[in-house]
Amino acid sequence: MMLLIMAWRNIWRNKARSMTLISSIALGLFAGVFVLAIYQGMLKSRIKTVIRDEISHIQIHHPLFRNDYEAIYTIPQPEKLQVRLQAINEIQQISARSVAEGMLATGTGSNGVEIRGVNPANEREVSNLDEKLVEGTYFNTGLKNQLLIGKKLANKMKLKLNHKVVLTFTDRDNNVISAAFRIKSIYQSTNTPLDERIVYVKRSELNPLLAIGSGAHEMALLLKNDESLDEVEKRLQKMYPQLSVQSWKELSPETEMSITTVNQFSIIIIVIIMLALAFGIVNTMLMAILERTRETGMMMALGMNKPKVFSVILLETVFLTLAGLPAGLLLAWGLSLYTGSYGINISSFAEEAMSSFGYASIIYPEFPFQYLSDVLLIVIITALLSSIFPAIKALSMPPVEALKK
Amino acid sequence: MWLLGLAWKNLWRNKQRTLITMAAVFFAVILASVVSSLQKGVFENLIKNVVSFYSGYIQVHQKGYWDEQTLENTFYQNPETERKIRQDPLVTGIAPRLESFALAASAELTKGCLVVGVAPNEEDKVTRLKEKVVRGSYLQSGDESILISEGLSRRLKLRLGDTLVLIGQGYHGATAAGKFPIKGILRFGSPELNDKTVFLTLMAARTLYSAENQLSSYVLSINNPDKLGKITSRLKHLLGSQYEVMSWEEMMPDVKQHIQTDTASMSIITGVLYLLICFGIFGTLLMMMVERRFELGMLVAIGMKKIRLCLLMLAELVFTVLSGCILGILASVPIVIYLKLHPITFSGKMAEIYERFGFEPIFPASTDPEIFLNQALVILFLALLLSLYPVFRVLQLNPVKAMK
Amino acid sequence: MRYVFLLFTLISFQLQAQTAYEIVKKADEKMRGKTSQSQMLIRTVRPTWTREMEVHTWMKGTTFALLKIVSPAKDKGTSFLKKKREVWNWLPSLERTIKLPPSMMSQSWMGTDFTNDDLVKESSALEDYTHTIAGDTLINDRSCYIIRFTPKPEAAVVWGKLLVSIDKKDFIELHTLFFDEDGSLLNVMNASDIKMMGGRLIPTRLEMIPADKKNQKTVIVYKSIVFNKPISDSFFTIENVKQLN
């Protein structure tokens, strides 16, 4: 008990030193945590986009379909499947699509495209397609052969609203089919490579061209919450072994790579910051010890044994650290909250790069609660380890010598 | 002058104190240098990976080729041009290429593909193409066979020894049609390249496209990525208006932006690092001043002018910090060299993913001397800046109070 | 829509007041026979080079067509076979037949200003467009109707509209302007050198000129043509193509 009081008093006796140490701990913690928050924010945002705007949680296909996108590999009896899936609790929304790879041609040129035949209402629920519109209207009920095209592709081919394009692709029997469609809306997402490739039409119009009746090639499932992903995926794979059931993680390995990279990166940054912190602590404490040789010597001469002296020094460090922690955390949390709602806009210098990888250029940092306990632990351990060396130094001087100083 | 002598003596009078302060600076320099060199190394490696996949650091084309990449925009191979390029001491490799599109056909399927005619040895020097062969063997000069990327071979259901048919548009309206036995299968990290490319010898490609002596590009490698801009403009001047010379930054601006963004975020981290280092050094300096209050007060009391005292302190600090910096540089050099020769590798999931994309799973270090110098200078500057505060406090010293 | 391979005329009819549709129908019918066989020269002209091919063609209605390249030597024997909407390409040097995939359809055919798609397009002048008379003009001393072709909404054609000048006396299509939907001119086709060949009065020289490229065009010159000589369906098979040398 007395040790605690001693440690406490020691701290306040030299305010300047203590404040320096507290500030550096607070700063280190703040920096580390806030950087983590930025990366977490970016990552979460990307995953959310991948799931809500691009791939959904799970997709189901005929096992051979994704090799070459041949029209013949449809999911058998899609309506029945859809009904059964809808009955599963965790599934929120389903969109059944027919998909064909083909060419989009105008008078002046042509480009490879992925043509998605969708049910407009379902698609809207599953991938927020209507929210990405920048021009035109989303699938009017009365009009025929409407096409929804990405802005990047429209610009590339000098197309505007109401322009006609000819889509060419192969049907189920390998016949080459051409059909004219008219651009009724243009969309833009944060992922330019997708904008350049994907066009949407009504499934009811694409299917007869593909000669697949009421077939579907792809079912995209949106779950009610993200956590149930693995469990639902396994369940569906068991229920339908004859179909290919895949989650966004398998469909987008680049996203998985981003996650792993960012996480690893975060760890490295923490290590670096901790190193700098440790070094700061060691140095400051060393100086302090040196300054207090007389005092330490006095304590030992008066009968305080070595382990006790050691503990006092350690305790001082712990107190200082504990004092710095809340400050650092609070600052990080506050800034995360603020920037989390307003966002940090880096579009001025990074928009093109971000969108070519599919990232939005406004970052919403998210306080990394899941890392918190680890970070705190690391900081405390760093502080303790850093104080060991100075503490040992303090003990190394015989009391008589110390008193002489 | 005697001030300096006194400063020196003071330093050695209290070895521990001096050493601790020097150590603060010493470790700061090491930490900053190592982090900086890792950062630089990682970026250079990233660029190297991305660039050497395919595009090379610099390319030379017929003017207008980049905007309209057709056979009609190829140029006649001129040994004079090559000689001019080779003259530049920083260019380490020149790979000539003839590229175009074609339909690749197997017995049942046809797929569009990119056909690259290369000079096998030069190409390997610049893009390490040979390493990408996973089955079969690499091209030799004079071969009439073809290398196919893994993804394409899978889609066409072709194996080593099978025949690949290429059909397309040739030069000046000729038809391009040819049959080639598959000599090797290549694996690229980039899915784009892995699904769509085939490689022929330059001669075979020229025959296929009826494009005698034509080239679509020279792909260059350089030995100092920092000098990219300089080399590019030098070559632009040298080769004249018939050609266009483009660096990878011009050809892949989104990668460049990506790196810029990453660099920016790394600078923030480095900034935080410096700040923490400052705190460390500051604490040390502060302690030093506090500890010597008595001594300093004494000096002033017996008549030393405060200015002189300040200079004395400054001299001491400069010595200490300077030696700390120099020792720091000396110590970081072997550390960084070690890291360069034995780069930190990571394993597990992350390594797997990196390898799948064709990147080496390492954190390389860069031994660019500029790094050490820069870091040392920065720390020196910071340390001296920080020392102004305690020195300033000296000016306000009240000798009586100090000696209590 | 191009009348390239099927431009022929019948003996001229009496001029009657006729609707645009009738005019176009007549012009269209003059282009067809039950069958036709021809020898033509195709010249591709570019700013820096020119290439000439000699091609033999066989056609049956709008369903079957066979084109065989006779010169230059490097391309001799290369053939294109069309059955309805599918096109196969036979390459004797490779001894290979490939079926043209959708991605190739909009590519240039043999380096000319025509696309592979043009080979395949069934003559849809009548069904895919609505026609109106837009005026009169004089081309090479021949008085012509100008007919505006507007694509029907469901027609799979890339053009926004066509202006076709059809000779009033002989119903020969002499001049066609191809526009995109914004009204920009994309291509121009001219027909000239009208002579009797194979028993009909036809233009024997056709030029296809892309509007946005300088010094570039493709020229087709008919050397001979025979109409309605019977050709059996089995002529239009790959096996036959391979043998045809």
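Chains here go by letter, A, B and C, matching the order in which they are written, and residues are numbered from 1 within each.
One rule holds for everything that comes next: a residue touches a chain if its C-beta (ideal position, glycine included) is under 8 Å from a C-beta of that chain, and two chains touch if they have at least 3 such contacts.
As the structure is a prediction and not an experimental result, all values here were calculated from the model.
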Contact-pair count is greater, between B-C and A-C, for A-C
Remotest chain, subunit A as reference, centres from CA atoms
C
Rounded to a whole Å, what is the gap between the Cα centroids of subunit A and subunit B?
27
Distance-wise, how many Å sit between the C-alpha centres of subunit B and subunit C, to the nearest whole number?
57
Give the residues of subunit B that touch two or more other chains, as numbers and ranges in rising order.
none
For subunit C, residues contacting two or more additional chains
101, 103
Tell me, which parts of subunit B touch subunit C in their complex?
72, 103, 105, 110, 112, 165, 167, 169-170, 172-175, 177-179, 210
Which residues, counting only subunit C, touch subunit B once they are in their complex?
44, 46, 48-49, 51, 74-75, 78, 89, 91, 93-94, 96, 98-99, 101, 103-104, 107-108, 110-112
Subunit A touches which residues of subunit C in the complex?
85-86, 100-103, 105-106, 117, 120, 151, 153-160, 178-182, 186, 212
Subunit B residues within the subunit A interface of the complex
16-17, 20, 23-24, 27-28, 31, 35, 109, 155, 253-258, 260-261, 264-265, 268-269, 272-273, 275-277, 279-284, 286-288, 290-291, 346, 349-350, 353-354, 356-357
Counting only contacts in the complex, subunit A reaches subunit C at residues 102-103, 105-110, 112, 144-145, 162-166, 168-170, 175-180, 182
